[in-house]
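There are structures below to look over.
Look for chain A in each of the two complexes below; its partner is chain B in the first and chain C in the second.
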Partner chain A sequence: MSVERREARQPWILLSPAMAAITLLLFVPLIFIVVYSFWLRTATGADQAGFYLNNWNEALTDPFYRDILLNTLKIAAITTIVCALMGYPAAYFIARSRGNKAILLLLLMLPFWISYIIRTMSWINILGVSGAVNSILIWLGIIDEPLQMLYNETTVILGLVHFLLPFMILNVFVSLDGIDETLEDAANSLGATKWQGFLEVTLPLSLPGLAAGGLLCFVLGAGTYITPLVLGGSTDAMFANLVFEAIITQLNWPLGSALSLMLLAVLGALVLIYNRYLGMAQLMKGLG
Partner chain B sequence: MGWFFIRLWALLVYLFMFLPVAVVVLLSFNASQFGSFPMTGLSFRWFVELWQNDAILRAFQTSMILGGLTALISTTLGVLASLALVRYRVPGANLISTMLIAPILVPEVVLAVALLLFLNFLSINKSFALLLFGHVIFTLPFVVLVVQARLVSIRRDIEEAAMSLGASPVQTFFEVTLPLMLPAVLAGGLFAFTISFDDITGTLFWKPGGVETVPTQIFAMLRNSISPEINALGTVMIVLTVGLPLLGAAIARQLARKSGG
Partner chain C sequence: MDNTRRYERLLERYMNGDLDRRKFLGLIGAAGLAYGVQTPFAKQALAATEQVRFDGWGGVVSEAFRKYAFDPYTEKTGIAVVDGTFGGGDEYLSRVKASQPGEYNIAHLSGVFDYARYAGLDLASELNEDNIPNLQYVIPKLVDVFRGVTGGKLSCVPYDYGTTGLAYNRKHISDEEMKEKGAKILIDEKYKGKIGGWSDWRTRMWYAALQTGQDPNNATDVDAMWDAVRKHRDLALKYWTSGAELMSLLAEEEIYVTEGWSGRIYALQEQGHDIGYMDPPNGFGWQECLFVIKGSPMEACEELLNFMLAPETSIAVAEGQNYPPALDPTKVDLGDKIPTLPAFDPTGTLSGLTFANPDYWNGHEAEWSKMFGRVQKGY
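The block that comes next holds the complex of A and B.
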């Protein structure tokens, strides 16, 4: 009897440190900022505890915040679509390659190990005033003056695509790799063209991977503030930049809490919708 | 025909991924005093200057200690939790799994704000401790995922065999289970270290004034202009975070081949 009880208790002893850490360092703090978002920042700098709707009123009605939120979602959406268009054929190539799949996959995993800030700033070497592209164009005599290509919305999207593309390729690959190749052959032998076979058999079967990759690209893209700071101009702030400004620069923590929760609500809703229809298992396959 | 285009497309995607990084490495050897083209010759001077830059060395030290402690704590928590989930039938295992990976599902900015404000409320200010707590919490899910995936493949009957031959549960754990788990533990630790070493999003919220990690140091240096030193630092980081794991994997394979054959 006591042996059985000990057996039943053991997993909880093993789980408790991790569960305690996540509860104390994630769940309780999240609840705390919900409370904090109703506090009030005062002129003295001390935050007044209480139930004030001022921050929420400002965050939800000020068109400045609304516009940047919409722009952030637009940038994340474009990034996700570009990642899908670039990544799908590449993943298909790896999954169907007759060559050394392990090497191709390893190459694909390498960017995960290369620092995000290095990969982001590497575009300054390529597109900057004295970067590779301008140097080559001047050397070829096509232009006399260097072109100003950096610090706009396009370069922000470019940086995000460069950062997020491996997530897309990996998820699509995991999906494609699990599809029996002979299914397409079967479709072909029944009279479908190669293209039809792909469109009607392989593509639908790989949609879960595409959706998982898309979710990751969108959520990670919409939550970034470093890429716009490094590759964007002064007007290319994304929503997370507003959070950073409020918390770190203006020290307006109640407003910063409300803005953080807005971002969490929008991106969290996407994760929940995804979970409702596709489940988390697909996402975990690509991450693990 | 179609396959030709898919191949070409994949090649272009790989070039897109690697060319900018290759340019960083190339420019770090540039003898010119500007961090840009044209290349005026090959030189190691920027690496020498890195070595003499106190701010960068301090940042490097901070990153190593932070990454090491993060890996240690995160791997310990992650391995224990994974053992529970893989080895026992836990009621509500799905909910617990979702809980353990929750830090990935919350945008890192939001996690950073919540932790900063809550711990400040508890009178824990921006400090190394805050950085460490933060790094542990967002590396933990990755450790759990990696370790769990590998633990599944360790067969339970080997442990049962050890016990039936008279080993105590503690002996069994240290002499059978742990050696079998070691690759999973190391993989989890390496993963946690790399993620911590590379983090900037949360770190900028949590770090106390004057303390820099390598990524925040690079970020601060970018404010001025892109100097050849940044490229050199980038090259060092690439060698560290890519070269070492590859080398480790190669050595492990070599050892496995020797002991196996």
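The block that comes next holds the complex of A and C.
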């Protein structure tokens, strides 16, 4: 075998374990889900194999699913914007800090050491009727009766921001850390103020990081079901909750499959749009 | 049944004069011979079953099972009991459906309707009742209902029963007000934002039937029931999804009134919370069973069921989980605590409780569970 041929083969040999894992753990289950989406649920809960379009017809034409999907996208968008507004200054501070950058990054990663569900449930002890905030307000004499702060859309967004903020900060940090600081000095030396230097130089250069963080926050936020389940009220369900209910509560795996593919298609389209205009390289840097 | 108990029963028959001495000694000799012959093979057979998986409701219920049943069973047989938990029967059924045969073995199912659903999905095993002699202590009515679903055979043993009644915070709602309003307090505007409810379509529809003055097992005005479900949804703070969440919401005073599981509410009362409990007329009664799923190691499961039904184990578990055991109080002395538990029936007839008709409820399952998913979200 020639050296060129051997060299051409090497990447494929090295990639083969990962590709086999992705095929077995992602593509094969996905094919199962696609097949399932064309089956039917019988009255007893058993599945009826075949090729039926009933589930797709229901998922695509029923306004119930459309409304919940739009509400999910709205909540994910608000969460992403809040994460961007809160995450950018934090990432800027870490990127420009001297000496203690590693400690700050470690602090940023600390929440990941605690289960996401536990972190979400911690808000009950903070915002609950007998939680920390109400107790302090009553102790200070500001209120007489505890405020009802939990189980609404705001607390769902709060829980999502709590969960997703580190993803935004990390992506923006990676982007900011790669910008040559002397560029801002050059802008200042040419007469720009600090603020103008930031707006005209740093911000545009860090936008790919912001976009990558935004994409991650949006996709993860739109796909969550734990946060609305724990912190949401009766009417604060998101689309993933519908998938959960169809599969777990109603034992309707075919409809649940169609709904999950619908969500996958919407979020996949967003990733494709992102890739078309910004490329995936920045996202990989942020994840790395 | 273990050999000691077999010997004790034989001895009892001999002492009662049912067996003469020659026959008694002959049976003891035959038993010794049989034991000697089968022991080497029995060891091999038992070695094949190293563990049995048990899934239940978690919380204080699981703790009671672990302490009073599983650990002593493992100590005695060498077979480990792996216990898992679930938040509801629907969720668990989905997991079983996705599993391989034998992966899940025994489930603590609630209601005959669940039993019927499992049987309908061809998940029912067939128990050898000869291996479960403690079944004789169980209230006959509870056993017969299950037999009716599976053609006279059993796939489970009844284990306990309870009710889903009304739980309320006495600091904010008096006993008199509860008696006066009954199930309708869950749709009382006065308590808007302080009402809770289980996110289970059956419970929602059962209470909607009560709120609209209908028979929960034969309601005719379904539209009125959905209106009641919607009204409750609009007034409720949130739907709870587990017993732990129910207890937390009541204990933290996030809600003042909800329907709740009798044993969990009793546990709250034991903890010192001033929570009242009331079963309204036609309140939701249910009987739980230990269901053996098809493909499980039957002998090991039957041995565990028999062990769990032994009066001393069953009573200890019942006292731990606060639900009356399925043991017949006319046959077994249930001690001091069990007669004080909510829903306890000293007659053993359970005539005061209303159970869900499995045919009626399973007949509406597909339609109503889906509809509730929508109503729950504001539709």
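Quick note on the criterion: the second predicted complex is superposed on the first by the 268 of 288 C-alpha atoms of A that agree within 3 Å, B and C clash if a C-alpha of one lies under 4 Å from a C-alpha of the other, contacts with A are read in each partner's own complex, and residues count from 1 in each chain.
In this text, a residue touches a chain if its C-beta (ideal position, glycine included) is under 8 Å from a C-beta of that chain, and two chains touch if they have at least 3 such contacts.
Since this is a predicted model, take the numbers as computed values, not measurements.
Chemist: Taking the superposition as given, does A:Leu264 touch the first partner, chain B, the second, chain C, both, or neither?
Modeler: Only chain B is touched by A:Leu264; chain C is not.
Chemist: Based on the superposed arrangement, let me know which partner A:Thr249 touches: chain B (first), chain C (second), both, or neither?
Modeler: Only chain C is touched by A:Thr249; chain B is not.
Chemist: Have a look at where A:Thr224 lands relative to chain B and chain C in the superposition and call it first, second, both or neither.
Modeler: After superposition on chain A, A:Thr224 lies in contact with chain B alone.
Chemist: Does the superposition put A:Leu165 against chain B (first), chain C (second), both, or neither?
Modeler: Touch partner of A:Leu165: chain B, not chain C.
Chemist: Scan A:Ser130 for contacts with chain B and chain C and give back first, second, both or neither.
Modeler: A:Ser130 sits against chain B and chain C alike.
Chemist: Tell me which partner A:Ala43 touches in the superposition: chain B (first), chain C (second), both or neither.
Modeler: second
Chemist: Considering only the touch criterion stated at the top, classify A:Leu70 as touching first (chain B), second (chain C), both, or neither.
Modeler: neither
Chemist: Just checking: does A:Gln10 make contact with chain B only, chain C only, both, or neither of them? Give me first, second, both or neither.
Modeler: Touch status of A:Gln10: first partner only.
Chemist: Examine A:Leu60 and indicate which partner it touches, taking first as chain B and second as chain C; both and neither are also allowed.
Modeler: neither
Chemist: Take the contacts of chain A with chain B and those with chain C, and give the residues found in both.
Modeler: On chain A, the overlap between the chain B and chain C contacts is residues 124, 128, 130, 229, 247-248, 253.
Chemist: So in the complex, which bits of chain C are touching chain A?
Modeler: Chain C residues touching chain A: 88, 90-91, 93-94, 97, 117, 120-121, 193, 201, 233, 236-239, 241, 248, 252-254, 365-366, 369-370, 373-374, 376-379.
Chemist: Mind listing the chain A positions that touch chain C in their complex?
Modeler: Within the complex, chain A touches chain C at residues 41, 43-46, 64, 68, 124, 128-130, 148, 150-151, 229, 232-235, 237, 242, 245-253.
Chemist: Quick one: in the complex, what on chain B touches chain A?
Modeler: 2, 6-7, 9-10, 13-14, 16-21, 23-24, 27, 34-38, 76-78, 80-81, 83-85, 87-88, 90, 96, 98-111, 113-119, 121, 133-134, 136-137, 140, 142, 144-146, 148-149, 194, 197-198, 200-201, 204-205, 214-215, 218-219, 222, 226, 230-231, 234, 237-238, 241-242, 245
Chemist: Please name which positions on chain A make contact with chain B in the complex.
Modeler: Within the complex, chain A contacts chain B at residues 7, 10-12, 14-15, 17-19, 21-22, 25-30, 32-33, 36, 86-87, 89-90, 92-94, 107, 110-111, 113-119, 121-126, 128, 130-132, 135, 162, 165-166, 169, 194-195, 219, 222-226, 229-230, 240, 243-244, 247-248, 253, 256-257, 260-261, 263-264, 267-268, 271, 280, 284, 287-288.
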